[in-house]
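Following: one structure in structure tokens, then a few remarks.
Chain lettering (A, B, C and D) follows the sequence in which the chains are written, and residue indices restart at 1 in each chain.
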Amino acid sequence: MIVILKPDHNEKQLESLVEWLNAKGIEVYPSTGTMHTVLGLIGDTSVIDVSLIMALDIVEDVKRIQEPYKNVNRKFHPLDTVVEISEGVKIGGGNLTLIAGPCSVESEEQICEVAQRVKESGATIMRGGAFKPRTSPYAFQGLRDEGIRLLLKAREITGLPIVTEIMDADQLPLFDEVDMIQVGARNMQNFELLKRLGAIDKPILLKRGLCATYEELLMSAEYIMAGGNNRIVLCERGIRTYETYTRNTLDIAAIPVLKTLTHLPVIVDPSHATGRSALVAPLSLASVAAGADGLIIEVHNDPTHALCDGAQSLTPQAFDELAKTLFEMEQFLHSRKANK
Amino acid sequence: MIVILKPDHNEKQLESLVEWLNAKGIEVYPSTGTMHTVLGLIGDTSVIDVSLIMALDIVEDVKRIQEPYKNVNRKFHPLDTVVEISEGVKIGGGNLTLIAGPCSVESEEQICEVAQRVKESGATIMRGGAFKPRTSPYAFQGLRDEGIRLLLKAREITGLPIVTEIMDADQLPLFDEVDMIQVGARNMQNFELLKRLGAIDKPILLKRGLCATYEELLMSAEYIMAGGNNRIVLCERGIRTYETYTRNTLDIAAIPVLKTLTHLPVIVDPSHATGRSALVAPLSLASVAAGADGLIIEVHNDPTHALCDGAQSLTPQAFDELAKTLFEMEQFLHSRKANK
Amino acid sequence: MIVILKPDHNEKQLESLVEWLNAKGIEVYPSTGTMHTVLGLIGDTSVIDVSLIMALDIVEDVKRIQEPYKNVNRKFHPLDTVVEISEGVKIGGGNLTLIAGPCSVESEEQICEVAQRVKESGATIMRGGAFKPRTSPYAFQGLRDEGIRLLLKAREITGLPIVTEIMDADQLPLFDEVDMIQVGARNMQNFELLKRLGAIDKPILLKRGLCATYEELLMSAEYIMAGGNNRIVLCERGIRTYETYTRNTLDIAAIPVLKTLTHLPVIVDPSHATGRSALVAPLSLASVAAGADGLIIEVHNDPTHALCDGAQSLTPQAFDELAKTLFEMEQFLHSRKANK
Amino acid sequence: MIVILKPDHNEKQLESLVEWLNAKGIEVYPSTGTMHTVLGLIGDTSVIDVSLIMALDIVEDVKRIQEPYKNVNRKFHPLDTVVEISEGVKIGGGNLTLIAGPCSVESEEQICEVAQRVKESGATIMRGGAFKPRTSPYAFQGLRDEGIRLLLKAREITGLPIVTEIMDADQLPLFDEVDMIQVGARNMQNFELLKRLGAIDKPILLKRGLCATYEELLMSAEYIMAGGNNRIVLCERGIRTYETYTRNTLDIAAIPVLKTLTHLPVIVDPSHATGRSALVAPLSLASVAAGADGLIIEVHNDPTHALCDGAQSLTPQAFDELAKTLFEMEQFLHSRKANK
């Protein structure tokens, strides 16, 4: 970490800062140029909050050199992490995994039918919301525990492992039999929840927050890994920008960037990224082309009657066509690599 | 709500949509122009998720006409809500309330001294973090329950009511004696927590999320009011933009806009809005000039040794000077109104 | 267009608004609900500035229903526009066009060598900056007219048509022999320049502004088409967001969205979108997968010694490999469509 | 400037970089830590484009230490610049200057009446658009040269100096008698125009671009000063964010931040910052409280019939009331400082 001091900084405050840093086990190397004095900080600077130093009266700016994350950092763990969801079902390591299912679980009939259909199309994990984070308190909030029961029922029938969203650490007992727990964008920095998920032995699907930086997403994954759980899959699902035509803006660069910074698998949610079903297919293809390890796609058997944003879903038939193209593209990309 | 259909929409899908809307108690009035057919939706459209309709195949766009919030809407409750924090201490209704204290509670000595000092300067509520949301799992996470104990100790000595942040509904029992509970920016859409806070009878300080719209902030307040708790104070604390010189961008327009849209009081946190202590004074003055009902300001007795972002704090002496100017400006603004 | 009035609007102001709209040839149909009066505006509302109406005292909100652009609107011109750059070289209509070359033209040797190399790899148009928009007045501003001379030299040798950026309408005479004129992101709303380019008969490469919406980009194209020039190619080059790891955020959804809204071809600039050369290949692949009509890629024969941001360039060798994969992917995507 | 190298960087590429830097007169001091090698660059790094270095294969990150602007930098010119617009009319140096007038010049009667009214209220500079940058080619584009003639007429009658916007360097001859030339937000990085304005001896009102950083705004001012013209006034006019309730988000912190970084005066345009006339008064007060040297406010004699966004204007009467309060607040703030 490098600390740039103001030209006319108070020496006593500087001493006090150096002392405080030393107490944290960090060595400080000052160097003085024509305009600025710069402090080089050597040691484990991940314990230091940049904003703390930044806000000091004598400090003009602070620049991190080392990433503040360790366990999730590819520099320390060069090999790809492959997360096993259930026997034989994996995310990461070069294969394309499709997760599909309705936005919300609505009925046994609905979830079982959709699960069956997406399985036939090649999806290996089933998604479905039981607890739904909704902006309005008056909107449908999901079937909750009953929703989880129906998901387990669909798993029983299809054999597909399930992933579903948790909204509060208190709900954890209900997730005992769930195969993979999703942390939604709005909970990406619910640190108490992340700590609790670090203490269990279950795969976590961690979605990027609406305006989270790459570093913040990785720090949230670091919370989980710091607790001992390293079965984490990251999910790019669009960020908030000034453009309002689409619900969010899919940050396609997140895929290669995250895969460079971390060894964790990265998947994409094209359905939430745009909120427009016509865009799901082109963005799915783009994501796979950019190197995504998988996709999580909303599929609904009757979009018009969906209770929640199922309307942004594809029909099972449209998903089937898309899945075919995606697997062929995976083949194409693999063959390209093999030829190199 | 107005739904704009695509030029070549499928009639059967349209029927299906109308049927679904009717089932929700909403009447649909179509009108056909040269280019588009437009549906006017009459009824309680607050139950409808715009993104649902938006994502339908036959729909080109959806425009809300009515706000989706009711209880917090000034249209239905024209008079200002005044929130009483403790006997004689109020926020809203035309007076300027100063909330002050350190970022984190560190020791009995620290919190009691700061509380005493800010009280002398005119603050009527004391702040201090016991549970700290930190981006890094390796950073100091607050004294937690011990922190709350120390805050109560400081209240005993100074008589100042306290406001402190909750991070998880599970922590509620520890907040029994706390006067006002803060919901941080990262938890603004932690809907399970909001529901729990709607069920208690305690003032809530609800901070705007890092990239929350006015409507989303108001919907989160609606969650709390829908549960029966109407003692809510909103807090503008800066939003995330592309500008990185300041930690966040204080949205000064949020003050007059929110006060138009809702009857709830609106305060400002200039410390977190910028992350630079030199900007706290000018932004505090600006906020009061723009009509804020109060300010929440970080004050620390020894900024250099603060454990967390106390460094963005003012010293008690700087706060004292600022408070004087703020109260004088309040007087000035009141006298202007009286003369009109 | 729909105008939502405030509940307590002044009737005289309303009359005055209706009169003003009628004078513009627009009919006004009011309809009154429980909470709001809504005006339906029928006629050519593209002449009306939404912000004008929005700002009126009696108005709560305004919603456009019809797009404000006509000539570029796919609704009125369903067929794809194909822009011919030089004999046999086209952009649009289902083929993948590669534009490649250095950031800045530096010397005859450099531009001719790069042009030759990218031609061998399959690029059909050569790019190179003669006039360089630089944030700093102290940075290299391009070889200017000499740069254009060198580009024409390279064209002579290779036969590749050239595209290069104009920065001011005054420079137009220097562009007489240039095949395609580029309007940079910072000039997307230089309306005087757009008008001048509307009056000439040369293909225009119009880059999206750093924070331009789709609609604003299309309105800028409309400026050119309104002048009579319909040879326009749109270019997505990344938008400014809060994420700073990459220079900009490539908005991959812009490709399918723009191709739905307009009949004009859409290409992507992956080099400027991220500012990191390692991301050029994955984002190029993603863009083609999402349906881009072409790519404009920086290629440099000696990245380390480049005078301007050539450093974000690929080497000719890396470009050659990438181009191979891109053309194969194009084949793959075509074969998929053929099978449907 | 500090350059952080990738852990496994190629030594030959490093040598090549060092050589290139040396050739630009910059000394390079490497220092090697456990994880990274860091290069300290000493010399005039303002000539170096960060993105160039950033994009190199061997580079992980680049951090600027010194600001890239010199002439506008307060570090080199500690005293406030005061810009004289006409005899006795100044901006900067501790006084509050009000600039007022209609969005567009429409007729002699209109501009003269408004000018007379705002003069009576205490405005000392008159504004009015002759050339109007409009998103749509079909919207009213201003009276152009005739507009300037009318402004000069109004100056003749009232004695108020005038400021009006230029849209292209070609228009300069028409601005010969104009007192102050405005560069609009969309032209903030029209570098050819900036260069031309650097060569004349007239005050320039430089508006911040829609998504320009503080540094970019200052670099654009640097372009003008580098040409020899140091009579520049900066204007904060709102930035583009995800919030759409207001047209832009007024960045109130820009005032104290810019006044710290530069010696140039800073004014605020509250009319364009929000696009809602009801917000002009509170944001004007806030801006003055935050330290603005002046305000530029739209005032119109008949808002309902305005041809362009005059509707966001105040009436002369509302402006008169606001001006009174603003001058009283200026008095109040001055007296506060005097007492310190």
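The criterion applied here is as follows: a contact is a pair of C-beta atoms (placed from the backbone, for glycine too) under 8 Å apart; a residue touches a chain by one contact, two chains touch by 3 or more.
Quick caveat: nothing in here was measured; it's all calculated off a predicted structure.
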Higher number of C-beta pairs in contact (C-D or B-D) found for C-D
So the chain most remote from chain D by C-alpha centre is A
Averaging C-alpha coordinates per chain, one finds the centres of chain B and chain C separated by a number of Å equal to 39
So, in whole Å, the Cα centroid of chain C is separated from that of chain D by 26
Between chain B and chain D, the Cα-mean centres are separated in Å by 31
Where chain C touches two or more other chains at once, the residues are 211, 240-242, 244, 278
Within the complex, chain C is touched by chain B residues 2, 4, 7, 31, 33, 35-36, 38, 40, 42, 61, 63, 65-66, 75, 211, 240-242, 244
Listed in rising order, chain B residues that touch chain D in their complex are 211, 213-215, 239, 241-246, 249-253, 255-257, 260, 273-274, 278-279, 282-283, 285-291, 321, 325, 328-329, 332, 336, 340
Per the touch rule above, chain C residues touching chain D in the complex are 13, 16-17, 20, 46-49, 51-57, 68, 133-139, 141, 167-171, 186-187, 189-195, 210-211, 216, 219, 222-223, 226-227, 240, 247, 275-278, 303-306, 308-313
